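Some structures to go through are shown next.
Shared between the two complexes below is chain A, which has chain B as its partner in the first and chain C in the second.
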Partner chain A sequence: MFDWERVLKTITSLYGISGEELSVANWIQKEISPFVQKTYINTLGSLVAIKEGVGKIKGKLMISTHIDEIGFVVGAILDGGFLKVEPRGGVDPKILQAQECLVRSINGEMLPSVFSTVPPHLIKPEERNKVASYDTLILDTGLSEEDVKKRIRIGSPIVFKAPFISLLNNRFSSKTLDDRACATISIATIKELTKIYHEWDIYFVFSTQEEVGLKGAGTSAWEINPDVAIAMDVGFASQEGYVGLSLGEGPGLAVGPNFTPKIVKDIRDVAKNESIPLPIEPSARPGGTDAGAIQVSRGGVPTALISIPIKYMHTPIELLDLKDCKYTVRILTEYIKNLDTEYLEGLKWS
Partner chain B sequence: MVLKELCNLYGVSGNEGEVRNFIRNEIKDYVDEIKVDCLGNLMVKKRGRNCSKQIMFLAHMDEVGLMVEKIEKNGTIKFQSVGGILPSIFPATNVKILGKETLSGVIGIQPIHLQKSVLSPIKMDSLYIDCGANSDTELNGKIEIGDYITFITKFSQLGDLWEGKAFDDRVGCSIMIDILKENITPEFDTWFVFATQEEVGLRGSITASYHIKPDFALVLEGTTACDIPLVERNRYTTQLGKGPAISIAHNGLVFGKKVFTFLKNIAEQKQIPFQVKEKISGGNDATRIAKAEKGTFVGSVSVPVRYIHSPTSVMHPEDYINTQKLAMGIFNNSQNFFNQ
Partner chain C sequence: MQDIIKRLVETSSPSGREENIQKIILEYIKPYVDDYHIDSLGNLIAHKKGNGKKLLFDAHADEIGFVATYIDDNGFIHIEPLGGHLPVNLPHQRIRFEYGTKGTIGYESEILMKQASDRKEVSFDTLFVDIGARTRNEALSKIRIGETATYDSSFVDMGNRYMSKAMDDRIACAILINVIQTLKSNHHDLYFVFATQEEVGLVGSKAAAYGIEPDYGIALDVTATGFRDTPKGAKRIPMKLGSGPAIKIQDRSMIADHRLNQWIQNIAEESHIPYQFEVLAFGGTNAGVIQTTKSGVITTCISIPTRYLHSASEVVDVFDVRHTAQLMKTIAEKEISI
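Now for the complex of A and B:
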């Protein structure tokens, strides 16, 4: 049995702000090496793992999940050693007061820090309803100014520090489920594939720099040149004030210009045949997922996107339901079983 | 020092039992008498050589937190603050609901991508706790309205400083425990009160003063520090690393000059760095003690705490040591207060 909790807990705790994902890539590489034929890290740092199929004429399926995380960088070192920060990726400043973070020092140490708050005793009436912005927040490392200047510089990366928490109904809350939850689904799928017969070669890509413009997935797709690609990312789950996918009721299958109709239909059919819930996620505009970059790689790649619903995206309390992850492993595995020479032929455009 | 253990315990105002039991167990071998009153105050006595005067040290056990106000049909939980907490610190915070079962939960907020207006301030009525339930019925028998909810931050090192929840006022409790463990017989009978309900209106100290009727009392607190850039210098109140803060006045009380001078003289004689609390803001149990019965001499000595009343407050280890020294000096010399 795949130990979801162990893998999710570990993988979400690893440091990997966009552009510095190596420790995540290394950890995954160790975790999956026994189950695949080849792994390597490519130019932009994405980890590629090849699970070879047994067909004579083999197609290539690329499954892409990103391993970078949102965070901040140091914008300025203020008097007393306090830090001003700038976001790297879309982080709402309203959630930041009293949050714990880790600042990566020049030497690679992860220094604990907290975002400032002004206590209710001292806040001015006119400040009470003021909305927090990056101009009104500072980060406190508890170090002297001298020490800060030795260990931290402008541009030093900062990520959330948050506990991995088990909730009711096999739901979990943590930082960085976006998109390490999907990376975990890829790891689980790799282990599942060792139990089945499949013809195609499956390229699992753990891509970098998604949050800053889909860099790792685009370059990996160019290099691999897949026949079909499936990207996996987190999608918005229904919560107070928003109706979207529902936690525990299946991953979403995106429909829209960014997603190739044949692949979408085939994945949908697989889910139908296996009675796995797979609601459609309308996506009218090409979105900000790896699928966007992969579809236009080289002369074009037939591409689909599976979305794992989470609540509270881009916060330290992202929340998912394990059922959706398990459904996704089954969908991928069943889809991969269908991939043969005939399927490859069927992709040709005339 | 048991500050770490104390801060990791859950003791929102009115629910101080876990803290009280821990403290009772820590100090039971060092005291001559233990009393708990109907408000839950833990009052312990160190018998002096002379019982003609009663000295009282007081620190409060309770901390700010939350309470379940309503369980919605969709399984989310509305809450009230217990004590003064700004709504803006709540979003994306981890909590525990202490019901029949202890449930972990997170305080939800809409993702920035979906907010209609990112510039609306955080309001209490838009906040809720999500513990993974799909409906209110799933929570039946687990939690109910009125259950306490606590922050869960663990005590940790933050650079040269300490970070944790509830420094206000477990730091005072911890220092009183340190003094008791020295096991010194004082000149006068000396009571140590671990009080309840400070954060909801300074309530435990009302009945504690009635029980003990002190001739001289000292409140040991964790107080506001706002010594950060972006806050004007004239709003600082206290600063980390500059020693215990001795109060001249706070909301609701002007400390007598006699008390202030007595405390200051001890700090100076023992060469303990100290600061005078600069701004009249906030109030503490001293207010209650001062006006108890015919009036009581009371002083207030505090450890500066940054980001107080949030899950991630910050204090300086040296301030702990120096406040402990000053409190010890006061304990050993309280008889001199009456000779001034």
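Now for the complex of A and C:
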């Protein structure tokens, strides 16, 4: 049995903001090496794992999940040793006040720190409704200016420090479920594939720098040159003020001009045949997932996107339901079973 | 080097019209490179052979400018920006059109009054260029629709600092010319790209990098300065004039490769070249597109701190210029190990 909670808890606890993902890639590499034929880390740091198929004329399926997380870097060191930060990836500054973070020092120690906030007593009435911005926020390590200058420099990476919370009924809340929940699904799928017969070579890409412009997935796709690609990322679950996917009722399958109809249909058919819930996620624009960069690699790649519903995206308390992850492993595995020479031939436009 | 800088910044050559500047750069570098060519997007690509991996140095040759879109009944020329302009900075700037006509950017009192409450009132919708024409016909005889223009501004030697339009990015072009002319030996197989159309979307560099397929890429561009440079400068910007070249950590286009940055930091320290780090909340450079070329390129950017970016009076410090040239030369001489 795949120990979801162990893997999710460990993988979300690793620190790897965009551009600094090596420790995450290394951990996953160790976890999956026994189950695949080859793993390597490419130029921009993405981990590629190849699970070879047994077909004679075989295609290449790329499954992409990103392993970077949103965070910050030290932008400037102010008098007194206080830090100004710049986001790496999209973090809403409104959620940051009184948030605990870790700053990686020049020597690699993870230094505790907190984002400043003004006590309610001291907020002037006219400023009650003002919200924090990167212009006003300050990160405080509690260290003296002298100490800060010795241990921290401009560009030092900063990550959220947040607990992994096991909620009731197999729901979990943590930082970095975006997108390491999907990386976990890839790991689980790799293990599942060792039990089945499949013809195609499956390239699992654990991509870097998704949050700053889909960089690892695009360059990996160029290198791999896949016949079909499936990106997996988190999608918006319904929450106050938004109607979207529903937690626990299946992953979303993106439908829209940027997802190849044939691949979308084939994945849908698989889910239907196996009676796995797979709601449609309408997507009028390419959106900000790896699928967008993979699709336009080289001469173009038939691409689909599967979304795991989460709430509170891009915060330290992202929340998911494990059922959706398990459904996704089954969908991927069943889809991969269908990939043969005929499927490869069928990709040609007629 | 000052003469070269002066000539480069005073040349008018906005995005898409880089022929003038490329001709001048070529003149300076031709005797010193093994081969060169101008590619289909107008990039000037020069090559100094080496035995090591391919290393690409990039500076963009274009400058921001304007393009004439419409001439109204009063004989005023209406313009659109080529590259990023903040309209509120433009009133009463002199500009020079491609075929020599000069004018000043004007706006009317009504707009001036509204501007007090809303800066957005000053925009390319309300600004126009007055070339002194009395009638539409007179204007039509001097300006063609689609004709480009740049700031009409000249080089000023301020002693320790230089001021001009187009320091962005001709100062980097001048530095690369200096590297090409004075480099004695290079380990890496070295490509110099004088890229086109950076200001309108990193267009030239993307194509050049695709053609060259380098192992390492280093863009050379200008960056902003903040509160350490001028007291009321942005608290989020640590860079300042006179503290040496800035090693880029990140901007909106790229997270620099931290291993390459570490190597550059090490060689700067060994060679006693001053440096600073750069984190920029806005903007991007050619490094952003070099990095994602094909299967990816190990990339960073070195920046020359510059005041009043994208204005007619960009100011750089000679100390930074000299040390940036020294740093780029040191990088070119050594073998990158990461």
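One rule holds for everything that comes next: the second predicted complex is superposed on the first by the 349 of 350 C-alpha atoms of A that agree within 3 Å, B and C clash if a C-alpha of one lies under 4 Å from a C-alpha of the other, contacts with A are read in each partner's own complex, and residues count from 1 in each chain.
Just so it is clear, contacts are C-beta pairs under 8 Å (C-beta built on N, C-alpha and C of every residue); 3 or more make two chains touch, one makes a residue touch a chain.
Computed from a predicted model, the values in this text were never measured in an experiment.
On the shared subunit chain A, the superposed partners chain B and chain C are arranged side by side without overlap. After superposition on the shared chain, chain A has more residues touched by B, the comparison being chain B against chain C.
Once chain A of one complex is fitted onto chain A of the other, the partner contacts of A:218 are limited to chain C, with no touch recorded for chain B. In the superposition on chain A, A:143 makes contact with chain B only, not with chain C.
In the superposed model, A:88 makes contact with chain C only, not with chain B. In the superposed pair of complexes, A:163 makes contact with chain B only, with no contact to chain C. Contact with neither chain B nor chain C is seen for A:2 once the two complexes are overlaid on the shared chain. In the superposition on chain A, contact of A:35 is made with neither chain B nor chain C.
Judged by the touch definition given at the top, the superposed model places A:78 against both chain B and chain C. When the two complexes are overlaid on their common chain A, residue A:209 makes contact with chain C while staying clear of chain B.
Using the contact criterion defined above for the overlaid structures, shared-chain residue A:315 touches chain B, although it does not reach chain C.
Of note, the Cα-centre angle with chain A at its vertex and chain B and chain C at its ends comes out at 100 degrees, rounded to the nearest 10.
Of all Cα pairs spanning chain B and chain C in the superposition, the closest are 11 Å apart.
Residues 78 of chain A touch chain B in one complex and chain C in the other. Put simply, chain A touches chain C in their complex at residues 18-20, 42-44, 73-78, 84, 86, 88, 134-135, 153-155, 209, 212-213, 215-216, 218-220, 222-223. If you check the complex, the residues on chain C that touch chain A are 226-228, 235-238, 249-250, 253-258, 261, 276-279, 281, 288, 291-292, 294-298.
Per the touch definition, chain B reaches chain A in the complex via residues 76, 84-86, 88-89, 91-94, 103-115, 118-122, 126, 128, 130-134, 138, 152-153, 156-161, 163, 224, 226-231, 235, 237, 279, 281-282, 306-312, 314. Within the complex formed with chain B, the residues of chain A that make contact are 78-80, 82, 90-92, 94-95, 97-100, 111-123, 128-132, 136, 138, 140-144, 147, 162-163, 165-169, 171, 173, 236, 239-242, 248, 311-317, 319.
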